[in-house]
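Could you have a look at this structure, given as structure tokens, before my questions?
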Amino acid sequence: MARKGDQPVKLSKELFLGLIPQHILDRGLIVLDETLIKPIKRLFEQRKLPKEGWSDDTIRLLLKVLSAIDTDKDPKAARIGEREARITSPLVSELAAGFNHGVGRSGVLIDAQPKAAGASLMYQIANRLAEDVLKKFGIENIKGAYVIPLATGMSIALVLKVARDLTGGRDVVYPRIDHKSPLNAISLVDLKPKIIPCKLDGDALVSDPSNVESAINGQTAAILTTTTFFPPRQTDDVIAISKIAKEKEIPHIINNAYGVQSPKIMNMIRSAIFKGRVDAIIQSTDKNFLCPVGGSVIAGTDEEFLRRVAHSYAGRATAAPVVQFLAAILSLGENRYRELIQQQQEYYNLLKDQLGEIAEKHGERLLKVDSSIAIAMTITKPRIAHEIGAKLYTSRVTGPRGLPKQDSTFGTCYDEYPTQYLTINAAIGVEETDIRTTVKRLDELLKKTPLS
Amino acid sequence: MARKGDQPVKLSKELFLGLIPQHILDRGLIVLDETLIKPIKRLFEQRKLPKEGWSDDTIRLLLKVLSAIDTDKDPKAARIGEREARITSPLVSELAAGFNHGVGRSGVLIDAQPKAAGASLMYQIANRLAEDVLKKFGIENIKGAYVIPLATGMSIALVLKVARDLTGGRDVVYPRIDHKSPLNAISLVDLKPKIIPCKLDGDALVSDPSNVESAINGQTAAILTTTTFFPPRQTDDVIAISKIAKEKEIPHIINNAYGVQSPKIMNMIRSAIFKGRVDAIIQSTDKNFLCPVGGSVIAGTDEEFLRRVAHSYAGRATAAPVVQFLAAILSLGENRYRELIQQQQEYYNLLKDQLGEIAEKHGERLLKVDSSIAIAMTITKPRIAHEIGAKLYTSRVTGPRGLPKQDSTFGTCYDEYPTQYLTINAAIGVEETDIRTTVKRLDELLKKTPLS
Amino acid sequence: MARKGDQPVKLSKELFLGLIPQHILDRGLIVLDETLIKPIKRLFEQRKLPKEGWSDDTIRLLLKVLSAIDTDKDPKAARIGEREARITSPLVSELAAGFNHGVGRSGVLIDAQPKAAGASLMYQIANRLAEDVLKKFGIENIKGAYVIPLATGMSIALVLKVARDLTGGRDVVYPRIDHKSPLNAISLVDLKPKIIPCKLDGDALVSDPSNVESAINGQTAAILTTTTFFPPRQTDDVIAISKIAKEKEIPHIINNAYGVQSPKIMNMIRSAIFKGRVDAIIQSTDKNFLCPVGGSVIAGTDEEFLRRVAHSYAGRATAAPVVQFLAAILSLGENRYRELIQQQQEYYNLLKDQLGEIAEKHGERLLKVDSSIAIAMTITKPRIAHEIGAKLYTSRVTGPRGLPKQDSTFGTCYDEYPTQYLTINAAIGVEETDIRTTVKRLDELLKKTPLS
Amino acid sequence: MARKGDQPVKLSKELFLGLIPQHILDRGLIVLDETLIKPIKRLFEQRKLPKEGWSDDTIRLLLKVLSAIDTDKDPKAARIGEREARITSPLVSELAAGFNHGVGRSGVLIDAQPKAAGASLMYQIANRLAEDVLKKFGIENIKGAYVIPLATGMSIALVLKVARDLTGGRDVVYPRIDHKSPLNAISLVDLKPKIIPCKLDGDALVSDPSNVESAINGQTAAILTTTTFFPPRQTDDVIAISKIAKEKEIPHIINNAYGVQSPKIMNMIRSAIFKGRVDAIIQSTDKNFLCPVGGSVIAGTDEEFLRRVAHSYAGRATAAPVVQFLAAILSLGENRYRELIQQQQEYYNLLKDQLGEIAEKHGERLLKVDSSIAIAMTITKPRIAHEIGAKLYTSRVTGPRGLPKQDSTFGTCYDEYPTQYLTINAAIGVEETDIRTTVKRLDELLKKTPLS
């Protein structure tokens, strides 16, 4: 069989000669080259996040070309395995962007699949971009990153599994975060959370590194810290804790669910890596990179640790979250992402101002908590925080949480927080209208239950 | 400005090195090359109908690459004309397959548009394929063909305009066809139809070339003949009439609306070109090439005549019918189209057998008419042919026509045809189930009105 | 057969009971109703341009539902006509948005097609919106409008055909516009242009209504006036000419190619209709409504005249330009369209300021011409206007025209215009960056050829 | 706020009145109702696998309507959470079929998400169909089933986690299957495989239930059996083992990766459920239902067990594998799926005949193993099985495996299998051409290395 793969795949100008006038053809080929061909070539040459975001058409072409390489697209292939990416209808293939073989191999998530050269290339590129975007936006001292086709919680499980195997420990030292996913993750890999209670520091709920330190013992499999949660819970002091982790030789995992959008948090993580021990940092793709729910990026400081994570995954996986991340990050590009991060900060400040005003107007106040994404405001009885949250939902405001719930303090990260409150986010991608509408509707709601 | 257009647009293997193992990459690039790149290169090199039909993905890639060349896709272009293909939303562009500038220039339909190199290339290729498919399927003695973004009727008008200008004549000698579109076409370009009545030859309605000959005079702008109509109307004797046209030096235009599917008709036209005069042959894209309604192919035997047709069109035009034709013909390929033509003949025979049987059963008979596409069956009173057609429509059988209508004989091509009848088509693309269902429903209908 | 059509097509809430909690379901159904169902219902109830533009998803749903009604989508239909919208592949159908039967009937463009209930509904709605948008944006005294699947030039031909038949005249009185399409249109329907030369009025080229009046005689089939052309050619005085048309009883057709974007022009046309005679007003869909090239809207003041136009079209037609217009106008909505019109005016002023500056800097000046869309600037020798236009094209500025060309004055609308000039447009949809880039590149070009 | 959700969402016939003639409208609405509306209504009413497969258009409409319900589609929503399904571009949303919020809630995979009513409905329906298809195709005695957005291996991990928690055991009794995914799954949830070696029974490798029984002890968390693997490994005797599981009160999990296509295997599982204990049965969506890799269906016989599985998942998840399964199964319908199962059996027999012939011709023989999907053929030295597999791959035959590999017996499920062999699958969806091409290429390869 002739080795067609040896030839460059090219469309040279000669092909089009004689069909249209030369100057029009030249003009057209410049556009073709600049908008479609060059960006794709540059992506594969540099394997970095492009400065300028791509158009949907360019991304579509990339995905089409790559998915066309998988064996299920080969009309001359004889396909006689038990898994051959046979698909019932064009729509079903379209729903997978043509990556019908998924990604990964039975034993190792990131390995190339012989039947899916295209999906394998796609995945490698996605991983390189994931690594690059994290490096460019604050943690240049990581050693690698993988896009995992699992949301943050399940990815935490994968990483904890590796920590468990490395240490033989049974416990995860975990400064209290009232979020079910990480708790499920801990339980999935048969570990126990050793919850470190929060302390009240003014309005803020903070974890104390010295409590983390004293909780560590021979049974400790890992420390799991958290950078992003609803105020009044503040970011864990990952720098101090990473120093402890280094000293105690305990794996340290940072749940950085939506921290990429915060230069301050990213900066803290970078310092933590420099000054102490951080084994893995896990970030949500949807919450940071404006793509659909379902993926996460696991970054690491040690290639061997990352390799073990890839070996922990049981089997192959859906390509969808990887493709979605890749498309989202290419669509953004470095410049647009930087802009969005700046806008987030501006909208955060807007939210703070606006919310402060109506808090004062209605006898409430903003909690004093160090956060760059979300804000909490007191809710005073007879107002019921949880009801206000529910009413906002039915008036088409999504996202705010009223806490504590009447039947439980889970969610507050504290057993007896002194006041009810409502949290509101100005996360990346929020728009001014979201903030103004929310504040307006909240204003109306508060008016209905005056304090006296 | 650097001349990027001089470089071949290529994706060489080196780009992907180090991302996945070499043997997987090689295997993948073979598929890429064979399924996507090669067909497109070969199309531009050969500019002929491919043997094998293309997948939708390959066609999509071709259209995407071509439409990406138009200036409206150039992010660096400054666009300051009155027409810049600015589009309100991605969907709207998608509805034009990205060819937002349409095709053609103000003065000449087939000329390249400076703002639309891609659409211009696309149109040229469509024209080459149109010419090639007609040559391959029977009329290899044409000199060129254009895909016109107008259905058959309007294309007849364009051609008649040229004939009118060439001759200075006012009349179109037109063997009677009871079809409004060509009559509208004649009228649009300010000509008068000079209708040649049909003769009854057994069951068949035929036109007599000698009547055509005697109708020609100094006012004759063109002869318009027809190859395909509902039986009992038979194909005009285009060979005899082309000889008359040659002798009398009168432009001869053949309305070959759905004749490409019939090797017999195509053969007749070829002979007519050899033996006499044929200026233009017009065929529907939808009826012959299984694409949506809206386009036609004008073929000619003289390049100057065709050039004049292209100059007759007033302005630029929608690219859609051209794109649809191009996609349809690439999707078919030569082999599949040949198969479809063979199947048509088989299904025609099946229809004839089936219809013959139920005709006999219900006291009717098939009209003896020379046709290879449609069949007519007598309808005897008290059965009302027109009502049977209407009832078939409401019982979800589309296509049959019951004639004559109660209030008019228009449609029969004859003033007093001796019987009512129903016509049914087994045109290209018909499936066995269409025929069997139709016959079954017709059987039920006839049962309800027994003859005695 | 049961009459399913009698039942309302509904998805009631009960269908979803028990699947998800009630309050989430309620919340979801509100969105479904408001974003998808309501807009579609309201569109059919009111048959007017919506205030707010639709999302692509809503438009897509409308098109999907309508195209699903055509008989070629009916899996139970037996299809045995010669035209049954059989399609080779899903892509080909997609390229027609599923409207594979096109629009219109053999004899009348706007009539419903029995095989295509959906396309027929789609076309009717498009026509109602076309009428409504023209009424809302200035000419509320029209009596109807049709979207024609032909660009402006060919639509002018259709209208002239009707005028020709009504009057029996042979000439079109035509204040000089150097544009090939309308001249082709006149010729297509076998009329002769009787060109009324322009007069020089300062810098402006204007037509003199009294010359129009004196050109009218027994051979006059129509007067064709023009509202939009490149400066220094100014808008014809359609009010004065409409009065003449009324008095002389001559059909008056206004080529309003891209005039909808100009409130001033629309106002003039409204007055012309009130005060005189206007039979038809023709506007481009692409130049006014940001949709792909290929359609136009013919508006009329007399229903009978419009009906005749619809009868002039020979056959059925591609649905694509109609669908594209419908999608574009729904995407815009009244509010966004109004905004775009305001922006156009702002950008026109910006262009004027910017161009004025660099004209002065390089020893040129802006021509004093009354226009709200385009601007012309002198080009003085040794600079060659036509070369500057060509150089702008190769430096990726599309649209500007340098006139007169070296070998012809066609394009200037005048035989010996006293200066060379360059025209630049700030047409609807232009963006600030287009203007600034153009001015910058022009500045660089002029610098290279200083005047002294 | 008015409760719009209380109104049925309906498009009644009245909406369209006056636009097109009544009989055409009636005809069209029948098609609309039958092809789009009825199937969707029936799906929600019955919540069962439809008899007839759906067209892609109908599926697309369903997905569009459901995804339109999620809050991120609500233009009036104010979105101020940390996760609001904000998406960078239309393409990115399209890659998720609009289900940008994914599925599930933080604590429970199958719970409705308040922000995603549409995704929640979609997921519920997918689960109902998954349950129904399994019941219809053989295991009507299950109590429920969930579509899990994880491939088989990871789903095994979820189920084992539940078994581990229920029993407190540490070991998984596992009749030897040399497949990395289940081993990774066992390890992920911190269990140890207790491998039960296979016995050689003629050519076949079988597991002995009595060895399973004797391996069970106080540390046993679960028994994991396997129905589908490459011959010569035969299906585990799940009936006998389920009886042991019942007697010993040990959770029994069946890895039924691609067994749904085999009526014989499904029948065995049904009997196992009746006669013994089966806690969960896990099947791949891609290998059974012709959809892309990435999902699985976990069926159970106890609702509480299933509920626990849903609680084991850590967080929300990508909707993609669920959507892909839903689309695939709707596209198939019951009838087509039954046909495919019958065809699989026919092609299996064809493969057996063909392969038998060339085996004999080249001095090899088929291994006598009870299987209805795959076949193994001896490979005798000097032929090297593993090389033959590799050569088939490069000659574009995907799927065959040559074993044992030169450096390991992993894959054979046996330490010293007496012969090398090649396995070939005739799995569901295989086509005749795949088999004939494979056999032909294998014939050529064997010819090159004659045995003597």
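Order of writing sets the chain letters: A, B, C and D. Residues in each chain are counted from 1.
Rule of thumb we're sticking to: a residue touches a chain if its C-beta (ideal position, glycine included) is under 8 Å from a C-beta of that chain, and two chains touch if they have at least 3 such contacts.
In this text the structure is predicted, and so the values were computed from the model without any measurement.
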Chain located farthest away, centre of chain D as origin (C-alpha): C
Interface with more contacting C-beta pairs, comparing B-D to C-D: C-D
Distance from chain D to chain B - Cα centre to Cα centre, in angstrom: 47
Interchain centroid distance [CA atoms averaged], chain A/chain D, Å: 28
Whole-Å gap between the CA centroids of chain C and chain D: 54
Residues of chain D touching at least two other chains: 23, 27, 30, 56, 60, 71, 74, 76-77, 90, 114, 393-394, 396
In the complex, chain A residues that touch chain B: 3-13, 15-16, 19-21, 23-37, 40-41, 44-45, 55-57, 60-61, 64-65, 68-71, 73-77, 90, 98, 112-114, 117-118, 120-121, 124-125
Footprint of chain A on chain C - complex, ascending: 23, 27, 30, 90, 393-394, 396
Residues of chain D defined as touching chain A within the complex: 1, 53, 56, 59-60, 71, 74, 76-93, 95-97, 99-102, 106-107, 114-115, 149-154, 156-158, 161, 164-165, 179-182, 184-185, 187-191, 228, 230, 257-258, 284, 286-287, 289-295, 311-321, 323-324, 327-328, 331-332, 351, 373-374, 393-400, 424-430, 433-435, 437-438, 441
